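Every chain is named by a letter (A, B, C and D) in the order it is written, and numbering of its residues begins at 1.
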Amino acid sequence: MSRLRMPLTAAALTALALPAAADTPDTIRVGITTFLSGPASVFGVPGRQAAEMLAEQINDRGGLQGVPVELFFVDEGTGMETLLSEYRRLVDTVDVDVMFSGISSGTCNNIAPLAEDLEILNFMWDCGTQRIFEEGDYQWVFRTQAHAAPEVLSTFLYLMDHAPDFETIAVVNQDYAWGRDSWAIFQAALETLRPDVEVVAELFPAFGAADFSTEISRLQVLRPDVVLSTSWGGDLDTFVRQANQRGLFNNSLFVLPLAESSLERLGFDLPEGVIVGARGDHYFLHPEFRDDDDFTGFMDAFKERTGDWPIYPVFHMAQAFAALEAAYDAAAEATGGFPDRVAVRDAMEGISFSGLGREVTIRDDNQGLEDQLLGVTRRADGFDFNIMDDMIIYPAADITTPVGQETLSWIRALDESFLEISGDRFSHED
Amino acid sequence: MKRLLVIALVVVLALLPVLSAGNVTFATTVYAKMLAVLGIFLLLQAGQVSFGHGMYFAAGAYTAAYMGQAMGGADILLLLLAVIAISGLSGLIVGLFVSRYRYIFFAMLNLAFSMAVFALLEKLFHLTGGTDGLRVPRPTLLGESFSRAQFDIVIYYFSFIMVVLGSLGIWLYLRSPLGQALKAVKVNETRLEYIGLSANRTILIAYVFSAVLAGIGGLAFGLQQGLAVPELTFWTRSGEFVFIAVLGGVGNVIGVFAGTVVFQAVRFVAAALLDDAWQLILGIVLIGIILVVPAGLIGLPARLMELGRAIRKRRFLAGREQE
Amino acid sequence: MSRNTTPLLSARGIKISFGGVIAADGIDLDIFPGEMLAIIGPNGAGKTTFLNVCTGYLKPQAGSVRMGGAELLGMAPRAITRLGVARAFQIPQLFVEHTVLENMLLSAAVRERAWNPFRNLHALPQRDEMMELLRLVDCADIAERSAHELPEGQRKLVDIAIALAQRPKLLLMDEPTSGVASSDKFGIMEILIDALRKAQVTSVFVEHDMEMVTRYASRVAVWSEGRIQMQGEPAHVMNDPEVIRTVIGG
Amino acid sequence: MDSTLALIALLDGVSYASLLFLVAVGLTLIFGVLGVLNVAHGSFYAIGAYMAVTLGRWLVANDWNPWLTFPALLIAAIATGVVLGGLMERFLLRRIYTKDPVLQLLITFAVFMILENMQRMVWGVQPYFMSTPLQLLGNISVLGINYTAYQVVFLPIMALLTLLGLRLFLRHTLAGARITAVTQDREAATAMGIDARAVYFTTFMIGACLAAMGGALAAPTTSVVPGMGAQMIVLSFAVAAAAGLGNIEGALVTALLIGIARSFAIYLFPEVEILVPYLIMVLVLLWRPMGLFGMPEARKI
């Protein structure tokens, strides 16, 4: 690999000055890491299905700059060891043009520096950790969606809007980076903007825990006004079912920022009146697009093909493909021919693109700005599960950590004016 | 003859980065695991298996992570010394307890210890990074720092030298009175006691060595992967080491090498080609080895010849009957 | 045999029982330097138990076993071995995956604390001494054979040779010729006695064969129901009518 | 912690301990008779759960009477145990009884790997739910706290019934007497004309059924996911070893000990919750190497 890369690096250095055109290849190879096994496959499998549909659509349109895309999947669920060697195999042997990686924050933490070393364009297409661009400077790594800060802060804003008078809160998060980090952000916002609120319990059951009985007993004793959980997948489903069975929803207002991905699976086990988020403006009944034929066409086709309505990873995947398409178009325009990899990378700076939602813009630090949608569960005709109502879409620019700042210290410096961010309001019946 | 073959193998592997650069990463993984398997192999001489050596493997990787982060990329040799000290000391502490037990209890108590370590690594998020683990910064070697491509070669030779030294050390150790006493533990603890030697102590010494080997393996693994995760000490990982040792065969250090190469290759190929069936395949292979070739891969040639003879004999007899 | 010398080992008031079965009920016994003591008695009288107590394998409920100035009770078998009490077994205890010579070398290595992990067992300087010992028990020609393929008689001899490799002051043997074909018994015993004499080891042996006892023992102790019924010169003891009734003729 | 909280933690602990006992008792029974520690026991647990959920969901989806999900749990468990346990004993374990205990352990480990993989092939990786039995029994309120009757009443009763059933079976039936005889002295039992092979076969199937039953009964309270077997085998070993391998009544006591200690830990020191089973096991074994109720082996030379 070392000998292969050397001339390429030299080429890259000259190319920095002048984006260059390249010979047109047979295909544009896209490597995608996604969970095909393990608990996170609830996101990974829909992500893969979406990727396949999107690639078909692109190829039906004639590909990117006339070149069809070809997909190579790697399972993130087989562990970091296999993942890292498979990633390198795709880059070194298959010679992919771009990698979409990945879902878990752990993956992104390890892949980002690797991609930088290997000089391969890498889109972090789904992972949430805000640390990567705050701790390092990257040339080849971009995030085509939001990170944890806007996702959690929009939840905080929605809660303040929906039930401003709550006095006590308990958190039940999965015990791993996302569960801990998302609570750290929420807690920082609480301490800064609502210091009077009492945190009565911080529960971190093991990731993949199958039983929350004891946690639920404890929440029944404590009766907090609000129960926050950023859990997802099987863990969230189990927690919600066990909590619902034992009447916990009657005592407390539940705030579940990732529950959009569990709505259909949980059915009416997830009661009405729960605050639900979607890690972005991702919703198969998106209030601004639900009359758009392209949008509904894709939603229906996905439901037709997989049996389920799209959930947020589908939208994130669409954004990654939209970014790729936009970058190839822009790079082709800049170079006047089929762009080489450096040209494509350069085109990513400051680019805007739209997947299956509002437009996303890449900032100077390679971070995407993505608006955030939340709502409250309601029954609605025609669905055998509760859907979202009283939706608010928050503008990304106001709730995302500014470039060059560290999220927690930025939040700790916020003032009351932050609570005035109101967003755009929609209801299901509109 | 045999010695020549081993020397030839060592020479070929020493030249691997030149001969076949694409396999360097794979080979490094093999070496890292092989070090841990050597530790298991040592205990197997006394008839004991540990389902918990993942904890020393993890200790190696986490040491690299902590020291690397504290010192902004430590030196490999310094890390090596630290890992030897830490895994040796923890091996001694745990060993003092587990060396009083045999067979299933020995295996499962090791498992319990490693699972306790696993639970702690997952739970103490602010210290250990929880499930996501800790990044291992790229270390220097004698003050020299490297690009990733160069470092691949450095870590290759580091693990390779460790494997060669480890194998040589084990070979010598097993010929020595202490190593022979280890084999004697398996056969007759009563007699050992009545020639004045404590079986527990004999096992303890081997246990500390095996912990150090697993620790160095974990160090190599963590450096190569750039990552230390709790999964390194999950019991199925430790089971993997035992599996490889039995796969290769208890008789011979070369078997450990053969076992690790075959295991990693099967796992790699099955994961790439067969959409999630590698556990199934490996499980069947393991049962086959135990039932058909109890001596492991190293006994495979002899076993095949034996089977061949039996078949030929049967054919011969059948032929005679037809006449 | 002089009774004026101090005993090599002396047991006092040994009491031990297993779930109601009494194996020793106040055993007092002295073993003197240079003697060859035979212990006889019916099955279940507690003879082997006594050997097990003296070598630290079993802990009695009461009593004391002293050697030199040291109290042996409470010590592990290996510690007692190091004090010079070696043991041979009714069923030979060998390292059956090693050769006969390796069995001997291991024993010598432990005796000499030869723990250098880089020195080959076969390179021990005690190799010649061990070969000499094997010659003494007439097993030199099987030195390179694996211990598991030996006939019972030779296993017995090797078992004793391993014990002798410790250079013990006292050797305790549990039925040294049991399990050996009766035609070989005397041959083996002859070799053994000769070796013990040359090695100048005080010895105790549990035995059922009265002819062996009469021929080789310098003293006899008779066990019965956890007690010593009688002890003394073989000629005297073996002719005692009570002993004849309970042990020999009964 | 006041007495109210103590009572609540106690209830949580008892319900958790009931499931733990069901799995551990099968493990300990098999060890007591066959001398084999069956690592694949964890897979029997998981597959029992999957079978129960599959059967239960099929019943519900086809509009059968929802109360039928209760017998469905049992049927799923017995079918799993008889088929998997029977096949494993007949075609694998039977060949290795004379081998090294280490190889026996590894064979069961290999079966564990195979079953884990097959489980993913059959049921995929998504979580499964089937809480019908839980919902049918409804909630009961203790000190204003809602509990599901399934967890705090039904499960403990099932655990007790299992214990009593096993005791009756082992002490008052001919088949049970044979098992007890083989456990105590295999050679003597064989000499008396007891077919040890048949006893091994029966015992292994019963043990496998108990593991599957643990899984089936756990299924309504939880989501059935890959990896649940790997966790459970470690826990149930901790229970069985702390009790003394082979000891049935002891398994109940240590299951309760571990279950209750765990739920108190969640209230008082949540960080050490996962450590509790291992801590208890190590402390017990340091104090009594053969387990709380284990008997030291008779020594023979």
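Quick notes on this one:
The definition used in the following text is that contacts are C-beta pairs under 8 Å (C-beta built on N, C-alpha and C of every residue); 3 or more make two chains touch, one makes a residue touch a chain.
Remember, predicted model here, so these are calculated numbers, not experimental data.
Chain centres here are C-alpha means, and the one lying farthest from chain D is C. Per-pair tallies of C-beta contacts place B-D first. Central chain assignment: B. Criterion: smallest distance from chain C-alpha mean to the mean of all protein C-alpha atoms. A separation of 40 Å divides the Cα centre of chain A from that of chain D. Look at where the CA atoms of chain C average out and do the same for chain D: the two points lie 49 Å apart. Each chain gets a centre from the mean of its Cα atoms; for chain A and chain C, those two points are 78 Å apart.
Multi-chain contact residues of chain C (touching two or more other chains) are listed as 89, 93.
Within chain D, the positions touching two or more other chains are listed as 120, 274, 301. Multi-chain contact residues of chain B, defined as those touching 2 or more other chains: 122-123, 190, 276.
For chain B in complex with chain C, the residues that touch the partner chain are 172-173, 175-181, 183-184, 186-188, 190-198. By the touch rule above, chain C contacts chain B in their complex via residues 55, 76-79, 81-82, 86-87, 89, 93-98, 102, 105-107, 109-111, 114-122, 124, 162-163, 165-166.
The part of chain B that touches chain A in the complex is made up of residues 21-22, 25-26, 29, 122-123, 125-126, 129-133, 135, 147-150, 152-153, 221, 225-227, 229, 231, 268, 271-272, 276. Across the complex, chain B meets chain D through its residues 44, 47-49, 97, 100-101, 103-105, 107-109, 111-113, 115-116, 119-120, 122-124, 190, 234-236, 239, 242-243, 246, 276-280, 282-284, 286-287, 290-291, 294. Touching chain A in their complex are the following residues of chain D: 4-5, 8-9, 11-12, 15-16, 120, 125-127, 129, 131, 134-135, 139, 144-148, 151, 218, 221-228, 262-263, 266-267, 270, 274.
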